[in-house]
Every structure is written in C-alpha cells, then in structure tokens.
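Each of the next two complexes has chain A plus one other chain: chain B in the first, chain C in the second.
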Partner chain A sequence: MTFNFSMQAIDQIVNSAAKTLYMSGGQVECSIVFRGPNGAAARVAAQHSQDFASWYAHIPGLKVVSPYTAADAKGLLKSAIRDPNPVIFLENEILYGKTFPVPKLDDYLVPIGKAKVVRPGKDVTILSWSIGMTYALEAAEELAKKHIFAEVIDLRTIRPLDMATIIESVKKTGRCVTVEEGWPQFGVGSEIAARIMDEAFDYLDAPVKRVTGEDVPMPYAANLEKLALPNAAKVIEAARAVTYR
Partner chain B sequence: MPVNILMPALSPTMEKGNLAKWLKKEGDKVKAGDVIAEIETDKATMEVEAVDEGTIAKIMVPEGTADVPVNQVIAVLAEEGEDASAAAKAAPTAPKPQVASAPKADAPKPTPAPQAAAPVPAAPKANGSGGRVFSSPLARRLAKDAGVDLSRVSGTGPHGRIIARDIESAKSGGAQMRAPAAPSGGTMPGISVPSDDQIRALYEEGSFESVPHDSMRKTIARRLLESKLTIPHFYLTADVDIGSLLRVREEINATAPEKDGKPAFKLSVNDFVIKAMAVALQKVPDANATWTEGAMLKHKHSDIGVAVAIPGGLVTPVIRQAEGKSLSAISNEMKDFAARAKTKKLKPTEYQGGTTAISNLGMYGVKDFAAVINPPHATILAVGAGEKRAVVRDGEVVAADVMTVTLSCDHRAVDGALGAQLLAAFREAIEKPLSLMA
Partner chain C sequence: MPAAAKAEKTDKSVSRATKALAWGKEQELTAYREMLLIRRFEEKAGQLYGMGLIGGFCHLYIGQEAVVVGMQMALKEGDQVITAYRDHGHMLACGMEANGVMAELTGRRGGYSKGKGGSMHMFSIEKNFFGGHGIVGAQVSLGTGIAFANRYRDNGNVCLTYFGDGASNQGQVYESFNMAELWKLPVIYIIENNKYAMGTSVERSSALTDFSKRGASFNIPGEKVDGMDVRAVYEAGARAVNHARTGEGPFILEMQTYRYRGHSMSDPAKYRAKEEVEKMRTERDPIEWVRKRILEGKFVSEDEIKKIDAEIRQIVNESAEFATNDQEPDPSELYTDVLR
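This part shows the complex of A and B:
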C-alpha cells in the first residue's frame, strides 16, 4: 500500500492520531509510525502518484520524516518508532532500488528534526529531501562546472523543519532554491520561502525559487509524466536565475 | 508572450543613453536583425537591432528622450499571431493601458501613446518604474554597512535591480559606480564650487543663452575633471626638426599608387606623429603603462588615441597596435575614424582604452600647449604647428622646419627621467622618418 491510500484513513490520522495527546490534556500518547511509499513511482497515473509531504506537514501533532539515503531511512525509522508521537514516514518507491552505504552499528539512530548539509557551497542553497535530492545533487554537480557552487541540504524531516540549518546556509549564500515533487501551491517550498523571508530577509539577494511538480494531476503518458516532474535541468535553471548568472 | 525591448548597454560602462530616433513605428512588422532604433551615447550613435520577429505593439519611450537608463523597456514587441493591441495593453510600465493603439484605428489626435509613457527623464536615478531604486535586501544591507549610496550604483539584476555583486564592485571602485551625484562632474567632495544660480547671477538676465549639456559634454567634463584632480601631471617640452619628415612625406605622397583614380593614401604630419609615438613607446616600454591602485599595467602594444574635434566636443578613437602598422594604414584608418567620429558613428570599442594619446592643434597655428591626460593613459602628446624658425646649426643661424611638442605625464606611472627618455625616443623617430618605414 502506498500513501495514496492513506487518504482513506486521513480522519484517523489527522483527527485521532495527531490530536490525541493534545485533547487528552497530555494523558494519552499516540505512538504510531505510518510508513510507506510516497510520491510518483513510474506510470501509475494521477491517483497513485502524489506527494503527501505538505499535506501531513500541515498538521500540528504530527511529525513528518522523509529520508533520501538508506542510512537515514534506517536511523530515522528507528527514531520514529521510539518517538512517543505519531510519525508519518514517507518513503520513495524509486529510491528502494538505489544502493547506499549503511553504517554497521548495533543501535544506529538519526535524530528527527535535523537537516544535513550534504554538499557545502557558497553561491546558492538548494533544499530538498527524498528523491528530490537526486535532482538537487545532479544539478549541484553541473552548476559547479559553471562555477556556481551550490550548498545542498537534505531536510530529512519535513515537520518540524530544521530552520536553524536552513537559515545558517541562506545567510551564507543569500539565495535559495527548494526542490520537491509535490504541487507548488501551499507546498513545503512555499512554507520554507515564507520562513526564510521572516528570518533571513536582510540576507536575501534574490527571491526564493521553488522547483516543484507541475500544477496538474499526474499524467499517465510517460512523456507527459516526465514533464510534470522536477528534474536537474529545472533546478539548474532556478539556481542560475537566483544567482543572476 | 509580448517581448519587451530593453534599452541596450552598448558598452560595459554605459548607464544611460538617448533614444535618438525610432526607425519603426507602432504596428510595423520587424524581423530579427532589422534596425529598429538609434541610440546615442556619450560619443557615438548606435543602431539597435531587433532580436525577435514580430510587430511593434507599443513604443514606450518616444524618440528624442534623453538619459534612458540601460534595461528600461523602450518598446513592446508582439510575437507572431499575437494581437498587437493586447500586447500593448500588457506593456509592463505603461501608466495606463492605451486602448486606441491598434495600428488601424485612426487616432483622433496625432500623439496618443508616447506622452503617457515617458516617465523616463524625470527619474534618472530610478532603475525601475515609479521613481524608486530596486535593490535586493542583501544589497541594501551591504550598502549600508559599506556606506555606499544606492542611488549611485547601477543594478545588473532583473529590471535593473541592485544585487550584492553590484555593491561589491561599487565598493572596489569598479565600473558599476554611477557618476557622482552631479553627472556633469561639477563637484567633488570637500571642494565648494559656486552654485549654478550664483554663476547666473553674475550675468544680466537675457544676455546669454542656456544650452543644456548633452551626454558628450557631461562625459568630457567628468573625465577631464577626474583626470586633473586625481592625476599628478607634469610636462616636458621639446622642439623637433621635421625638415626631413616633410621631404619624405612629399615624396611618398607624390608617388602614392592610384586607386579608383585617386591616390591610395595621403600621409599627414599627424600620421607620422602617431607612428613615431608608437615606435617610441616600444623603445621605452616602461612608459607604455597605466597606473592602477593595485599594480602597474605595462602594455605590450602601442594603442594610440588621437583626439578628433567634432561639433560640440571631441572624441579619441584609438589606433590599435600602431607600432606594427604602416604609415599608409594608419593614415587611412585615421581618415575613416575622423569621418565616422563627425557623424557619431564610432563604436565604443573604437574609442575606449588606448595606452597614450595625441592631441594636435598645429592646424590652428598653436605654437605649443599642454594637454590633459585622458585616463587610463599615463601620457599624452600635445603637438603644435610646424613652422620655419631660425635655429643655430654648426654655429650659424639657419631656417629650419621646427615643431614644438609637449608630453604630459602621469607622475604615478612615469617619472621625469622616464618621460624624458620617451620624448627623446619620439624625437629621434620623428627626425629620422625613414626609421618609421621599417
């Protein structure tokens, strides 16, 4: 089952799981991890190709985690299971086929709520998570050839956002591009843009730019599906726009 | 999508220009490469070519408008299949959409659109519409920290937005600095100059005509004031014997091959002066220099600027690598420069840079004078008239053809002895003109 089917139970997740601790006056915990594939796979059409990151990240009472690497998937899943709160754990079907090194430790944990600077840079901050990281890193590699040095940050947790890491980076680079597969309106990138404007306005040399999925239901046709999703070229274009190069 | 046609930057330092003439009118079809307008900068008139194909939907800046900032929208182009009047309405900085600008609708009054769409001259400092300077938050903070006045920085971001790198280059004194607040170059900090009104008060009302400065006049004023205020000038004068030069010149011109029924070239004394200066700079390479705060730029070639008087001012086209050019090549290049300078058709690349300059007022009968160095040069040679003078040769007074030249030197780059060596090398070259033929 993928997260597309979680909408059948969204009342239970939003109204019950997320609010139980609050409505019981702190007496009843709801320690559940909801995990499964999220976002577009390949050619599974409009109803089965959706990114729910911003949906669940909208809800107070939930934690939303979405790893890119296998090591983070392992460490964050263990942290999620140990967390006393309901955690939405968004995985990606395409990343299931990708290999990453995983540390061999008895108890490997990755803390929830901590972003990771994956590639340091000075000219523009590229923020992403999950499969978006593949576009972000590919773009950063290409941009470096054009002497635009991007700092790439893997958010890993969507709620709570690690704003400290984001702001520190944006203060350094003065520019930010967010990359996500979800739709543009009210997306995670929109929220990050607003928060950066709030906390680092005087450090911005350009408006924050979002690279998102197109604002349409996912097409079934392979060529259109490709066009509807973000890719490295779109990230490069956005990075060049905000660096004015 | 209607395409905005922007005021082009015709040279790296151009900040604004005058829209001299529209060669297309609203409703005209253009294709890429068509000349659509003429832009006048400080020293040249340049043609603007269309980049895209389409129909001129709206002219935003009427011809004759002065000081149009670079990147300002000057016209809107409707692409193929687009409704020109709709594109005109969508024009970005139009104060109010003009309904009657469809080409075929006979407008009752002759000048419908342009007046409404000319907010340009009123706000020379603004890089966007509405009379304010657009800048990124980071640029504003950096400017504040560095004490840089944003109104003096020209923005290179979208729509002329001032971005962080513009502040960086303004701080390092780069080309992004606009002219000081008075663009005529009238004032420098710490020096008080009488105000315009105080000067006018000295003359009776109606006894003079007030002519506004054109951009060339402003540029001359700014650059030469900057030169005299920042360059420590000193002057070296010498008399040179041009007797053999005149003989050689006559001989060469008399035997010039014919081309289309006219001689292929006619050398002037000035052509010899250019070549002699080029050769002298190669002999004394240390004097072929430009002072910068960080380092001395030692030039490899002799790029000789030659001051050409044109109506309303002067321009200094540069003969590049003159040391390697023949006298006839220099002569013909100079003729072409002079002709095009008079019609303001020189390209900025043809009059920018150079490693020295020559100013010749001999044809006016001037005996000798000292010229103001034209930055970034370190020297300039002022050439007086060649005339018969009584000179003492072998103990006897004889008549000789003599010309007085004065070399102005930037003491930061060229010291007295070095300047004297350059002048001596020049004298040797010009007095032995056959050496210039090699």
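This part shows the complex of A and C:
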C-alpha cells in the first residue's frame, strides 16, 4: 500500500492526529509515524502516482519528512519515531532500488527540520528532496560542464522547512530553482519562493523558478508519463534561465 | 467427482446450480465463449507484460471468469457495471472490444481511455462500463451513486458493483450499504471472494469471513454462491437482479472464487501453496466444467469446440497485434481532458 491510499484515512491524520494536541490545550499527545511509498512509481497511472508532500506540509500540527539517501532514511526514521508529534514519512518507491552507504553506528540519528548542502556551488541554488534529488544532482553535474556551479540542497524535511539553510545559500547565489514531482499549484516550491521573497528579496538576481510535475493527473502511456514528470533537462533549463546563460 | 470437490459441495450455505436451471446449447456455448475469451485475453496480457509492452500494475482475472460472465448473462440492456482494478474480464463481458482494451494496456491511442488510463482505469459509457478504479473499495460508493441515478430517473436499470474480499473491509462500503438500503437503490454488491486480499488470506484479514452477511446490520440480504460454476452465478445473479429491479433494494452476492495468478504481475504469490492453486485448476476450473457439459450433452462436437477455441485465439492475437502496432497518444493529449 502506498500513500495514494492514505486519502481513505486522511481525516484521521488531518483532523485528529494533527490537531489533538492543540485542541486539548496540550493535554493529549499524538506520537505516531505514518510511513510509506509516496510519489510516482512507474506506469501506474493517475490514482497511484501522486506526491503528497505539499498536501501534508500544508497542515499545522504535522511534521513531514522525505529522505533521499538510505542514511537519511535510517536516521530520520529513528528521529521520527522518537518525536512526540505525528510525522508523515514519505518514502519513494523508485529509490528503494537505489543503493547508498549507511554509517554503521549504534544510534544513528538525523535531526528533523535540517536540510543538507549536498553539493556546494556559487551560481544557483537548487532545492529538492527525495527522488527530485536525482534530477537535481544530475543537472548540477551537467551544469558544471557549462561552468555554472549549482549548490544542491536536500531539504529532507518539508515541514518544518529549514529556511536558515535555504536563505544562507540564496544570499550566496542570488538565484534559486526548486525541484519537485508534485503539482505546481500550491506546491512546496511555491511556498519556498514566497518565503525567499519575504526573507531574502534583496539578494535575488532572478525570480525563483519551480520545476514540477505537469499540472495534470498522471497519464499511463509511456510517452505522456515521461512528459509529465520532472527530469534533469528541465532542471538544467530552469537553472540556465535564472542564471541568464 | 474428486473427493475434495465433493466435500465442498456439501456446504449447504453455498448456492449451487439447481436442477430447475436447464441450460441448453445456446447458454452453455455463450458462457464458454465469453469465459474463454477472458482467459485467453488475460494470458496474452500476461505475455505482453513479460515482454515489457504493458507496464505498471496488471491484475489478471484468470480463474474468476465464471463470476462476471454469469452475472452479465443475468442483465438487460442499460444495466451498468463498475469494478476495481482487476477489470479486463468485466470489460470484455460488457462487450467492449478486445482491441481497445489491449491497446489501453499498452498505452496506445486506440485504447478505451486513449492510452491515458491504463489497465486499472478504463471506461466505456457506450457499454455501460463505469471503470476500472485503482483505489481499493472506492468504486463501491460510485456504484451506489449510479444506482441512485437509476432510481432517480426511474429507468428500471440496476448497477452491478463488484469488489473483493479485501475491499469489503473498507469504511465507505458500509456508508454505501446504509444509503442503498435506506433508499432501496437498485444495486447488486458482488463480493468476489478469491480468498486473498492481495497476499493476506481472508482468515487473516477479515473478522467475519462470511461476506454474504456483511449487509446484515443494514438488512441487506445476501447469498453465498459457487463462483466457479457459471450456472450457479447466473441463477443467483438473476434472483438478485430481480430483487433490485423490482424496488426491493440492494442485494449482496458473495462469489466464492479463486484467482490462479498473483495479485498483480509483480506478485510471486508465495503466501499460498502451489498445490492449492493446482487443485483449483484441476478440480474446479470454470471453463473446463462448461466444456465438459457441452461435450457430455453433445451440444456440439469436439471439432466445433476446437473451432471456437481457434476463433477466440484469433481475436486475442489480433488485439495483441493492434495494441503493439498502434501509436502512442499524441503529446498534446497530456493536457486534454483535465477539465471540460
């Protein structure tokens, strides 16, 4: 079962898990982790290919975590379980097949709410998480060949957003591209763009650009599915647009 | 009859075909042809999946053919059908073309949803088939809504709403049951109990494994049916359809059936013994039963049966050919049909 089926019980998550602490004036805690595969797998069409990051990240009272690497998956899951709040833990089905090194430590924890600069750069900040990182990193590699040096940041946590790390990077590069599989309207990228305007407007040399899934339900046909999803080429195009190169 | 099959037959709570039902040549041949078409179509779909021509999820109906074929024979023009994601058999039984269904499986423009829906999401309003739904249990509310429309329009039609033993544990099923009985909606809930909710046996997933009783607290009558015998399905189906059509409200049919393949193509089905599957195949195969009756009743000769088999193969091969050679949708289709 994937997060596509979580809508069958979204009331329990949104109306109960997320709000009980607040509604009870701090009396009733809801310490729970909802973990499962999120986002598009491959060719499973409209009802099984959705990114719920922005859905859950919209809700005060929830934490939303979505790791890219195996090490982060381990460290963040442990932190999520120890967290006293409801945590939505979004995994990616395609990343299950990818191998990463994992540190051999007895108690390996990665803090919730901390982004990670995965690749330092000076020309443009590329923000992503989960499978979006594969497109971001591939794009950064290609951009470097064209002497555009991208700083790639893995958000890891979608709520709360690590704005400090984002703003620090944007102040340095002056340009920002967000990458997500979800739909553009009211997406995570939209929220980040708004927050950058609030907190670092004077540092921007170009408008923030979003790379997202197309604004359509996921089609089944192989050619259309490819068009609907973000990829490295779209990230490169966005990075070149904001760097005017 | 093997001993195991005999023992099963002694379960009096399950409806079998009665002596009163005297199926002649025409019905037996129709049932045979329809079931065989589904069987061969699904086998071909499995092959195309193996060849990489079909992607994603693909849930085969092999073993359950008698359910949808028997039910369809109890319907009249204008009655609707809605089901979940194990839907290819339902579509073929509704009279949808093999070419269009197979082309949807390969994601081509000649498919029933222009290649945009795929295996789990296919519709034909012309044939009164309302999908093809990917979320477990979601179609139950939709089928109830179709029945509501029938009642509102007073059109005399009924809606067959299919779901599995797993889906019968979903919450919206019971919200639907309540409204259906309250408003006496013409809906037949067909629970295809194939013994496994994905990989979990009904004993491990369901508190009440007698699914015919799932409507008890709403006063919805139910019946357990031998879903491997197309005649038993037809007889029980006709009773249920009559109940719904005459304004008596919903009816639940628990079809005791079995799927030979895994939940989907990516399921190796390690949660059950090979012998269990083999036993069903050899002792209870719905198509073999009809074939045997046709030959024993001397309705047609063995040669004529072979001719039917060849015709079916031809239809299926042509559909595979069409689905392989048809073009993918035009890229502009990505943005169509989102809103009207």
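As a convention for this text, the second predicted complex is superposed on the first by the 245 of 245 C-alpha atoms of A that agree within 3 Å, B and C clash if a C-alpha of one lies under 4 Å from a C-alpha of the other, contacts with A are read in each partner's own complex, and residues count from 1 in each chain.
What we mean here is this: a residue touches a chain if its C-beta (ideal position, glycine included) is under 8 Å from a C-beta of that chain, and two chains touch if they have at least 3 such contacts.
Predicted, not measured: the structure shown is a model, and the values here were computed from it.
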Task = Following the overlay on chain A, give me a clash-or-fit verdict for chain B and chain C.
result = fit
Query = When the two structures are overlaid on chain A, which partner does A:212 contact: first (chain B), second (chain C), both, or neither?
reply = neither
Query = Of the two partner chains, chain B (first) and chain C (second), which one does A:244 touch, if any: first, second, both, or neither?
reply = first
First (chain B), second (chain C), both or neither touched by A:204 = first
Note = For apex chain A with the CA centres of chain B and chain C, the angle to the nearest 10 degrees sits at 120
Ask   = Touching A:128 in the superposition: chain B (first), chain C (second), both, neither?
value = neither
Ask   = What is the contact status of A:44 with respect to chain B (first) and chain C (second): first, second, both, or neither?
value = second
Query = For chain A, which side has the bigger count of touched residues, chain B or chain C?
reply = C
Message = After the superposition on A, what does A:178 contact: first (chain B), second (chain C), both or neither?
response = neither
Request  = Aligned on chain A, what is the least Cα gap between chain B and chain C? Give it in whole Å.
outcome  = 16
Query = Touching chain B in the complex: which residues of chain A?
reply = 174, 201-206, 244
Remark   = chain A partner, complex, touching residues on chain B are 136-141, 156-158, 163-165
Inquiry  = Could you list, by residue number, the parts of chain A that touch chain C in their complex?
reply    = 4-5, 7-8, 41-48, 214-217, 219-224, 227-228
Ask   = What residues on chain C touch chain A, complex-wise?
value = 55-57, 104, 107-108, 113, 115-121, 133-138, 170-172, 328-329, 331, 333-335, 338
